[in-house]
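Multiple structures are listed underneath, in structure tokens.
Two complexes follow with chain A in common, the first pairing it with chain B and the second with chain C.
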Partner chain A sequence: MEAILNISQELGRGLWVTISILIASALLAYLIGFIAGLSRLSKNIFIQKFTGLYIEIFRGTSLIVQLFWLYYAIPMLFGINLGSNWVIGVIAIGLNYGAYLSEVVRGSVEAVDSGQTEAAVALNMSSYQKMRYIILPQAVRMMLPEFGNYTIQMLKGTALVSLISLSDILYYGNILRSSNLSQAPLIYLVVLGFYFILALPLIFLTRKAEDVSKKGVAN
Partner chain B sequence: MNYWSFERFFEAWPYILKGLHITVGVTISAFLFAAVFGLVWAILRRVENKQLNFIITWVMEFIRSTPPLVQLFFIYYAWPVIPVVGVTLSPFVSAVVGLGLHFSTYIGEIYRSGIESVGKGQWEAATALNFSTLDKWRKIILPQAFPPTIPMLGNYFIIMFKEVPLASTIGVTGILHMANSFGSTHFNLIEALTIVGIIFLALSYPAAVLIKKLEVKLNTRFDKNADIKPIE
Partner chain C sequence: MTKPIVEYKDVHKSFGETEVLKGIDLDIFPAEKIAIIGPSGSGKTTIIRMLMTLEEPTAGDIIVDGRNLWKMKKHGKMVEADEKHLRSIRGDIGMVFQHFNLFPHMTILENCMTAPINVKGENKKEVEQRSIEMLERVGLGDKIHNFPSQLSGGQKQRVAMARALVMRPKIMLFDEVTSALDPELVGEVLEVIRDIAKNDDMAMVLVTHEMDFALDIADKVLFLDDGVIAEEGTASDVIEHSENPRVQEFLSRFRS
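After this line comes the complex of A and B, so read on.
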């Protein structure tokens, strides 16, 4: 018991890095998801193809490869140092899951009944008004469960940032293990426990989102 | 600061491709592991005992919502130290077990959704025709439950393929590992990592397109609304 407490105390030092990366990358991914998802539906063929390319590249390769790639490429290609690995971690996770979320956004917008679009057109709404007041309010509630699921995936993805030497929960876990191999099972179980406790609120929110998205909708 | 060099880019290809069979091998083995273990979860989820079912559900949730990377580390570093049951596993086997176990919880849910998608009338018909439990599953339920899950299983195969480079952290010599070792001897990783990205894209994109096609085909073949058809 005391051992668990000691391990937790040590791992707790990485808690903030994990949480802050999760929050920042989730916000970035939501933003990109909406922008790319709506761009994919744009009538402008150039915007449509360009976002399509972005989505296929980021969905077609692994997060770990993208993370390493950005880690080496950003300073090299742009000649700038972003100052911290934290930013690179957030960008990598945000871009990766933004691509997945944009497909969710696109799918939900397309799933709104075409009668709704026709009604908006019949009421002489501008295309902005149509999106803002008719389509999105209905599409967003359909997206909620998937957004919840992908947020849990992002939490799992944050563990990768320990590989670009950011001191998150797993980083401290690895340090503890390297100094005390016989305790490795306990250390990693506590690490898993940390991630699970962080995931719990997300799991319940996702379940709630599933209820919300079903309520009052006839299908 | 090093810059992009096409010379290094072409030099790296054959070196990195040497790791491809390992990456693909881990993917296939881990997928088979997950497909079999997923069956175990699907069966366990049908346990009637409430408390037991609750525990199983949360064990699955635990495996599913914690990072596969940590699970790999657990199996590779921690498992051998555990008394009595602990055995030292090679990096390859650790990756297969770790990724296989992680994704078996997803695949178990896919099986479950497939079984639940079989209409109630089919179960009742099996009972009415006095089928034994074995025959009911073998001749009525599974032939209808399995085909609709094929595209979903295919998607998870691709997802797992993309998670396999995680195994390079425990020393599985797949393409990412080869790229890292090439990069560290040539003092620049960017070309090697770009190649890894290209390989993943070149394999996973056509596979995804193929599965999409399969899905459309199956959807027209197994129309959910065509549950009750008059016998001709």
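After this line comes the complex of A and C, so read on.
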């Protein structure tokens, strides 16, 4: 019991890094998700193809390799510094999950019944007004559960930043293990516990989101 | 003689290889009530959808109040209309759909208020009052804060009519508005349309399968068959006294 407490105390030092990276990268991913998702629906072929390229590249390659690209390769190739490790971690996770979320956004907007668009036209709404007042409010309800699911995945994805020497929960777990090999099973059990407890409120919110999304949508 | 508010001039419409409308000529006068009847697939709905700017004609012109709906002048040439041009004209036109198409995330009062406020920029208080009056007129004054999902089909369709009327259109289009309703709910919806037809001076075009109803309210009935207006005249001319065998065959299906 005491061993668990000691481990927890040590892991707790990485808690804020994990949480802050989750929040920042989730916000970035939501923003990118909306921008790229709506761009994908644009009538402008260039914008459409360009975002399509972004989405397929980031969905089609691994997050950890993208992280290493931003951390090791890009600074060497182009001589640009992308900022602190924290910033690089946030950008990598944000870009990667933004690509997934943009498909959720696109799919939800397309899933709104076409009769809704026709009613908006019959009320003489502009394309913008139609999106703003009719389509998006319904599409967002449909997106909520998927946004919840991807946020839970993002939480787990943050563990990768320990590989670019950010001191998150897993980072402290690894340090503990290296100085105390025999405790490895217990250490990683507590690490799992940490992630699970962090995920609980997100799981709960996702459930709530599913209830909300069942109401108030035409399809 | 008054001038027509809408003129169709040799309007054609194809979907892919299929020509649905093969040259429609039609005048709609202010306050005129027109019923369009005919077999399904004959293009009835397409006629009014083109006026609502939901479908673009393949050829021909639709003139609304002297202005070409689907074409506009640009650098001295007639080109395809853009959204701005369409919006400047279609504000005078309202439509009620077969499947209601109410906005499910808004109360029925909000359904009525959103367009006058957000599209026409009208005063909120005034619009609210007008919307409530309109919902009372269609018999839903006690349901204004309900959501569409809490209403029956007939009630939904009455909300849809109130929503269109609050915009004060000069022309109202009704696309088979009772076809998706349970039979016992058809009456309440027709009653509202009858009330509008008798008391409002806007033009109305109804695509309908309700023959008795068409006979009752329509000034003019069009029988559409295979993409052309096969018969045109007063309601009793077409529905009661037509000698056209296609019309008789069609109508016989309603008299059993």
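Just so it is clear, the second predicted complex is superposed on the first by the 210 of 219 C-alpha atoms of A that agree within 3 Å, B and C clash if a C-alpha of one lies under 4 Å from a C-alpha of the other, contacts with A are read in each partner's own complex, and residues count from 1 in each chain.
Here is the rule we use: contacts are C-beta pairs under 8 Å (C-beta built on N, C-alpha and C of every residue); 3 or more make two chains touch, one makes a residue touch a chain.
Remember, it's a predicted structure, so these values are computed and weren't measured experimentally.
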Clash or fit: what happens to chain B and chain C when chain A is overlaid? fit
Touched partner set for A:I203, first chain B, second chain C, both or neither: first
Touch count on chain A, higher of chain B and chain C: B
Contacts for A:L189 in the overlay, against chain B (first) and chain C (second): which applies, first, second, both or neither? first
Kindly classify A:F68 by the partners it touches after superposition: chain B alone (first), chain C alone (second), both, or neither? first
What angle, rounded to a multiple of 10°, is defined by the Cα centres of chain B, chain A and chain C, with the middle one as vertex? 100
Which of chain B and chain C A:Q116 touches, first, second, both or neither: second
Overlaying both structures gives a minimum C-alpha distance between chain B and chain C, in Å, of 20
Where on chain A does chain C make contact in their complex? 113, 115-116, 118-119, 121-127, 129, 133-134, 137-138, 141, 215-218
Chain A-touching residues of chain C, taken from the complex the two chains share: 52-54, 83, 87, 90-91, 93-95, 97, 99, 101-105, 114-115, 118-119, 147, 149, 163-164, 167
Which bits of chain B are touching chain A when the two form their complex? 1-4, 61-62, 65-71, 73-74, 77-79, 81-82, 162-166, 168-169, 176, 188-190, 193-194, 196-197, 200-201, 204-205, 208
Applying the document's contact rule, which stretches of chain A touch chain B when the two form their complex? 56-57, 59-66, 68-69, 72-73, 75-76, 79, 152, 155-160, 163, 170, 173-174, 177, 181-182, 184-185, 187-189, 191-192, 195-196, 199, 202-203
